[in-house]
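Each of the two complexes below includes subunit A, the first together with subunit B, the second together with subunit C.
Right, the complex of A and B next:
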């Protein structure tokens, strides 16, 4: 029913009431860019503060936004428990690859970090662990010699001190700019993981979106227990390359965490909000003894 | 003064606010859901924007869309009306972040007065009488001892409570432990906060509230009381001003208490302090509503002040020119809320196409509505479709006038409660002015008996 024909409303010719000189008249509404974020999956707008409070997971559809390594450590490790290892290690242009020096400089500026992985020890639920968190903001988390060295040292520290290792992975694969030296890291990290395993110690990997290439083909899939975040892309070669090679259409959700769960490559898909509790339970189940801390958070169950 | 305001509401209150703006020369922006595309407020505003689907969560509570429309249209202020986002502290804070004036109190004020326990403490500290009871007590033995002091019957109430949950009435000390623990458990599960306090259960009681206006300069004026005891399931049906139960002496003390309350919290803009009046005419602070109320029109009719226009002026930074010594309640005003419901079938909502409409008129007869002939009432929103308000020189004359106006009111095509109101206005308990909040319940029982 078209009501615009029925109502003969006019705009009353009233001048704006002038109640003195007030600032209100000059105000113009302005929405700061950082206020909202649009969820790329459900397209609904989310308040940035709401998103941060919800572990950067969309409250409407559950889409897991990518988070930086420092933020990951904050929501996983107990408050103030993280002690970083090898913070000052940085890469050099070992094989003189063109433009690599500039790319490294930009990566440091953009991410605020020195490399694509942060390692250290921490407490999770009171249990002491060695924690490594990869950083997608630094050259897409690609693995170069420094990345491989830091992870290896983390494993060696854990082996020596009889601690479990937890690694959060996110990576575009081996770092092309360091050539065969990057590929070598696959073997090096795997060897360190094996020695850690031979010592009877627990190694858990948490695969996050996207984990691909040389990282998937080495330490990421060597965990005793492999967890993943929902809908994470976990691959060796990317989907497009595979499609072109086999000339077949790929199944829906190919290389998603849920697909891998089905095929037996992932042990459990855990939403981000439950990750810390899951890790804590697994650690305790495998012999970690949680240390009682003074500040007890009420009812986190 | 704002040159453009966005009205974040619908129905009769959106129309009310738009009318106030049109008088003041302010341009108006309406927002509407898909179900409201033929609504009156959309037709009346200078600009209108569809912001989502029929469900309120998709449209009228869609904060992102509303703020976007404000930015797009250049609206300098948002009037939230009542209900919906009017007491949403997060929304008020976001408006501020986006440089939009929220027409109401600050986000901090809304949050502060929304915490019932904190509100009681604040009022008590300010010397405002509060329902006898206790603050939050965690330990059951301590609580039981305090309960004996307070006396029975009493209510155990959740601090974060609402919607009738987290409340238990206790009549005897033997029932106390059970009630205390179950109220805590219910509150913890429903609101995530199991803290409870206690209040003496006052019965019979009258609900009398005070209308306040405060500007940004600390000036507070109290516009008198409204009695709202005719309620069905905690929903008000009829309101009147002045209250037949209040003597000038009690009025003076209540107005002073309300103004003290406003000053104690540094309140800004329009607000209402709700009191309970017991049979001995003692009054106690119950809670404070930090928004414009449905029944604001009753006060407007006896005091002769446009409350919505003052809300806008105050928000724009103007000083209140109304002073307490110039506030008088002239005669009596009564309001009847017209709901689209079937009074004969347990008040189930009635929606659909409205047929012929005739709106009563005459001196001091006012009907605030958003309906019109051939309008389709959407089923997604509350059932109130209009408010009929009259004002006369005395209470008796006001009742006569209301009966006259109700008898003329014609809204065909749907069921509404006009006849119920006529019936109530003839009820001896209403006419005597001695009705309490148990009025509708008692009336229902009497009807059952007689059938």
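Right, the complex of A and C next:
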């Protein structure tokens, strides 16, 4: 048995993403526990426990594996600081769309979550924030009415309590199965973001792979500061849709985070390992006062 | 009439486009203004100032073109980011000079192409959604043909949204929906039903305030009564103080 056979056997399955039936489902592996994983970019094997310690970034080439929302919260929020909002809120098949009820059920089973976003209050580097993290494992992070409602409530809470908002985006776009009501979420979330902004409060978006469609065309692009993970796909129309429209191949790295940085639509590309420190610095520069915790002991401020 | 009949009617080549509405309602009073002051003048978006019942009004429209030559020139009504930025510039101008904004929406969607992505199509739409929400002047948007997703919504964050009887408004085209659902983009009729995209569906869902009946043949009576209705609505909306207007606009979208 040669090594390539081993990797075939261990090749992670990609079933969850196929549930997504949205624009950006890409062929990227999920990582099982305690196994060797082959980096899809440099093809080198890496032990998944090593990968976990390295924020799920390939130690050889720096490729950022996609991570779930809970893990994102774990590496971003201070230990035990996250208090979730609206955890039980769940979508129903409002416009009686074919197969949506079953899809929702599967998405819940597969992701262990009730919706495509988790919202709540947290501390980052001791600074109090409202945090929303989208989840690619739930219908590819598509935005339905509950997604929009949770994000809107998060903004409204932050406005009321004068807190900054940080949103990690990952989304295939608006959720087709909720028809026009999913489109209305773009307006609803933007409205809440605007009132938060008009109150003089800070909103930071962190774009992760992939952020597309109706999320890009609403709250993802409305941050005072827009950060991105390296190489993330960030698009309004996904590459396949564009290729079909213009009938030509797109250049490599078109719509990557680095491409958007060059075109002026992203403030900074930040590797995952530096994200928490970057967010903390930005929060402090905008007036957040970090609460001293054991984690922060010894820090001057 | 089925949902797919509405889709067909909304896209019909002989259907009046925004230019027809502007010409028939505002006549010679319409003065077109061009450009986004940043990159270019997008011909898929028409904007300007006109007079309605003795008062100025800013008019912004997505224009598909009335014949093949015009359609090519107008990019079939699919705007680039500069089109949405031109629209926002004119809305801000309307706010400054305290005149209401009237938008005519007719587009299969915002353009999907290299230039559109490079210049921030998503950001341009997002900015309109945000800014229109607190624009301190009345906004009325009327869907006259196709209302294609975010590209239509970027001109439809308004105090009231109306639809022509056979116009459609949807998060995705029936073709796009069919190809995702059934891997078959020809099943547009079935997809049209599923999406609830007709004026009657949207009225029931509370997405629009009014359905405008379409006569069998377009005549001046229709445009005259339309003009009266728009004038009355702006009068009503202008009488509301700004704070109340904006609170109502917020709640209009907050309820979804």
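In this section, the second predicted complex is superposed on the first by the 256 of 301 C-alpha atoms of A that agree within 3 Å, B and C clash if a C-alpha of one lies under 4 Å from a C-alpha of the other, contacts with A are read in each partner's own complex, and residues count from 1 in each chain.
Definition applied: contacts are C-beta pairs under 8 Å (C-beta built on N, C-alpha and C of every residue); 3 or more make two chains touch, one makes a residue touch a chain.
Keep in mind it's a predicted model, so treat the numbers as computed, not measured.
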Note to self: With both complexes superposed on chain A, which partner does A:35 reach: first (subunit B), second (subunit C), both or neither?
What the structure shows: first
Margin query: Output check: A:179 vs subunit B and subunit C. Expected answer is one of first, second, both, neither. What do you get?
Written below: second
Next item on the list: Identify which of subunit B and subunit C touches the larger number of residues of subunit A.
Entry: C
Next item on the list: Quick one: classify A:249 as touching subunit B (first), subunit C (second), both or neither.
Entry: neither
Check: Can A:292 be said to touch subunit B (first), subunit C (second), both, or neither?
Finding: neither
Next item on the list: Could you say whether A:190 touches subunit B, subunit C, both of them, or neither, answering first, second, both or neither?
Entry: second
Notebook entry, point to check: Touch check for A:45: first (subunit B), second (subunit C), both, or neither?
Noted result: first
Margin query: Quick check on the superposed pair: does A:95 touch subunit B, subunit C, both, or neither? Answer first, second, both or neither.
Written below: second
Margin query: By the touch definition above, which subunit A residues appear in both interfaces, subunit B in one complex and subunit C in the other?
Written below: 22
Checklist line | Complex contacts: residues of subunit C adjacent to subunit A | finding: 110-114, 116-123, 125-127, 129-131, 133-134, 149-150, 153-154, 157, 169-172, 177, 180-181, 194-197, 201-202, 205, 207, 250, 253-254, 256
Check: Inside the complex, what are the residues of subunit B that reach subunit A?
Finding: 1-3, 22-26, 38, 43-44, 46, 63-65, 67-68, 70-71, 74-77, 94, 97-101, 313, 315-319, 374, 376
Check: Quick one: in the complex, what on subunit A touches subunit C?
Finding: 21-22, 95, 97-99, 145, 148, 152, 174, 176, 178-188, 190-195, 197-198, 213-214, 216-222, 235-237, 241-242, 245-246, 250, 254-255, 263-265
Next item on the list: Sort out for me which residues of subunit A touch subunit B in the complex.
Entry: 1, 3-4, 7, 9, 11-12, 14-20, 22-25, 27-32, 35-36, 44-45, 47
